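There are two complexes below, and they share chain A, which is joined by chain B in the first and by chain C in the second.
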Partner chain A sequence: MVITVLFWILGVFALVSGALVFRLDSMARVTFALLASFLFVAGEVLLLGLSYLGVVIVLMMTMEMVIMAVFMVMYMMNPAGLMPMAMLHNTRGAAAIAGGLFVALTTGIFLVDWPQRAGRPPAEPTRALGEALMGPQMLTMMTLGLALFATIVATVVLSTHRGRYERFGDDLCADRPDDPIPGGVGR
Partner chain B sequence: MSLELFLVLGAGLLAIGLFGALTQQSVVMLMMGLELMLNGVIVAAAAFWHFLAPATADGQVLIVVVITAMAVEMAMGFAVVTAIFRARDVDMTDMAADLKE
Partner chain C sequence: MTEVPLWSVLVLPAVLAVITAGTIAFDAVLAARATGATGSPSQTAMVPLREVARLLVAQRRTTVAADGVLWRTGVLTVPIAALLAAVVLPLGGVAVADLAVGVVWFNAMEILTWAAVWMAGWGPNSAFSLTGGYRFVAQGLAYELPHMFALITAATAAGTLRVGGIVEAQSGLWFVTWMPVAFVVYLLSAAAMAFWGPFDAPVGGDLAGGAAAELSGVDRLAFLGGRRLLLVVAAAMAVPLFLGGGNGPLLPPWLWTLVKTVAVLAAIVWLARRFPTVRMERFAEFAWVVLIPLTILQALIVALVVL
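This part shows the complex of A and B:
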């Protein structure tokens, strides 16, 4: 009973805060509405008995949204909601597509004959996850690790403004770096 | 509390995220829509694990994959925004429309 009530409360709040992301004016509020949606979803994951993954979502999304808030303020024209302006395009078409998707998915959810539950949850789901990641799912884990490493390299390459090739030439053999403002002490 | 209700919640989050990703002009807001869509996938994956196949950890592994996809998406998204903003002063999707040519 308590779990059902919690499911409804968390679910409705997750949807409402998700919708608020595209309704609020201030970029800081938008970011924290998205964070709230993630936290409510983490609550749902906790309700389903996945304590480790729920906590991971809470910790990761809190940090991610705080970083996101910085970027929002950097790149948005309207960081504090002081100058309300419409930043939307094709609202009607998008509403039709999103609404159609929701109707199609919901219809499918209630029409599909879902299979019976196979087995029971282990006493420690976290242990089962760890053993799966270090055992049969090792390839998944290694692929994720490689993807994350590639992301680190790619983000640095993309966001570096002037790297050593701009400063020292393509073969890196210039005597002095070619900087817009030369540094050094004049020797 | 049943599988269907959790899946409807996931579908709702996915639809809201899709609406945001399609309507928002700012690249950063577009990424927020994508994150909201992945949020719905997390709910659905957790529900599938709990209600259909709790004996194996495959559902949990799927959640780990989705969380990693979220992190990669945000990092790469901001890197691309930084690169395109530096190169051409673009922070709206419509301003970058000529990239498709």
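This part shows the complex of A and C:
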């Protein structure tokens, strides 16, 4: 009973804060409305008994949204929320797509012949998750990790206007790199 | 999960409050000694209490075009996150909630301060304050990965994410003896997450108080008090992770936990005054180039030993 009530409360809050992302007029508020939505979803995952996944969602989403706030404020059209701005673009198309998708998914929920539950949840879901990731899904995760890391490196290399020639001179034999911001290791 | 006695819910905040007050008093005495101020230590130790009373009755300052919602949320999140992180702390074998994923819970709650400090910096619509908030995000990106590897190292050695399980795994040998790198990195990140000691640039004097620059009255009390509470909780977490929790001869476990916590705290607070404030870019490069490889190596060694 309590769990059902909590489920509905968290679900409504997640939807409301998700909708606020498109109603608020400041990039900072928008970002943290999105974070709130993710945190309510994390609550739903915790209700499912998946404590590790739920807490990791809190952990990852908070980090991600804080970093995203920095970039949103840096790049978006209205950094401080001082000018009127809208998070809505292509309003009609978006409304049609969103409405259509909602109708399709809802009809799907009622039409699908849901299977009966077979088997029972493992005693330790965290261990089961870890064994799945490190066992049968190992290759997937390794490939994924490598691809993500390569993407990060490639993006940084493409976006920086300074390479090793700027840092170490044309013949690459400067003792100390010439950086606009000095770091903490030997410089 | 075993039944948790109800008193632990009441005892935890009380114990944390006492230790936090003691930390503040100790720091005030150290500060007075550093400036060569006259007056007995007991008088100096009372100064923070008077400051608390003053903040409680002081009227709140407002700024032009402040984002009140984010500002207040950020300020309140600091003490709340610290308290939530503290629920997994075992006091002599009894934690308010000895969660199966306790270490991850602690990490997640402590990360909420990233959002909190940024929001507190953003809220008042003030340049100094905003810069302080951004500094904390930069600092977070620097300390977080070594910090996570230090946590993982202790969890790997114990084979569990439950804090109580990690304490049980140290009944023979404390983890600090065979993972000193992880312990030292943990202490560094404890100070960094509470923007304390050499990592206090987010609220640094060069920014007129940084993220706390525009805070006054109860807000200031909640933010700066919460920050000290966070330092206490982070230092207290070092005890179950690396210092054997309540394990020790003669004394009861809860007393050992307190003794060790106070010792770690005293060391952090004293050391903080021995070093100048570290700039973001210096600490970031040091953390990524030196600390991350060291902690990965530490985790590897521990993993090999456990295997």
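Here is the rule we go by: the second predicted complex is superposed on the first by the 158 of 187 C-alpha atoms of A that agree within 3 Å, B and C clash if a C-alpha of one lies under 4 Å from a C-alpha of the other, contacts with A are read in each partner's own complex, and residues count from 1 in each chain.
In this section, a residue touches a chain if its C-beta (ideal position, glycine included) is under 8 Å from a C-beta of that chain, and two chains touch if they have at least 3 such contacts.
Keep in mind it's a predicted model, so treat the numbers as computed, not measured.
Chemist: On the A-aligned overlay, A:30 touches which partner chain: chain B = first, chain C = second, or both, or neither?
Modeler: first
Chemist: A:147 in the overlay: touching chain B, chain C, both, or neither? Say first, second, both or neither.
Modeler: first
Chemist: If we overlay the two complexes on their shared chain A, which of chain B and chain C does A:62 touch? Say first, second, both or neither.
Modeler: Touch partner of A:62: chain C, not chain B.
Chemist: With both complexes overlaid on chain A, does A:131 touch chain B (first), chain C (second), both or neither?
Modeler: Only chain B; A:131 stays clear of chain C.
Chemist: More residues of chain A are touched by which chain, chain B or chain C?
Modeler: After superposition, B is the partner touching more of chain A.
Chemist: Can you list the residues of chain A that touch chain B in one structure and chain C in the other?
Modeler: Residues 56, 67 of chain A touch both chain B and chain C.
Chemist: Would you pull the chain A residues touching chain C in the complex into a rising list?
Modeler: Counting only chain A, the residues touching chain C are 26, 28-29, 32, 35, 51-52, 55-56, 58-59, 62-63, 65-67, 69-70, 80-82, 124, 126, 181-185.
Chemist: Which residues of chain B touch chain A in the complex?
Modeler: The contact residues of chain B facing chain A are 1, 3-9, 11-20, 22-29, 32-33, 35-36, 39, 42-43, 46-47, 49-58, 60-61, 63-65, 67-68, 70-72, 74-76, 78-83, 85-86, 91-92, 94.
Chemist: In their shared complex, at which residues does chain A touch chain B?
Modeler: By the definition above, chain A touches chain B via 3-4, 7, 11, 14-15, 18-19, 21-22, 30-31, 34, 37-38, 41, 44-45, 47-50, 53, 56-57, 60, 64, 67-68, 71-72, 75-77, 87-91, 93-95, 97-99, 101-102, 105-106, 109-110, 114-115, 117-122, 125, 128-129, 131-133, 137, 140, 144, 147-148, 151-152, 154-156, 158-159, 161.
Chemist: Report the residues of chain C in contact with chain A in the complex, numbered from low to high.
Modeler: It comes out as residues 65, 67, 69-70, 73, 99-101, 104-105, 107-109, 111-112, 114-115, 118-119, 122, 125, 134, 137, 140-141, 144, 161, 278-279, 281-286, 289-290.
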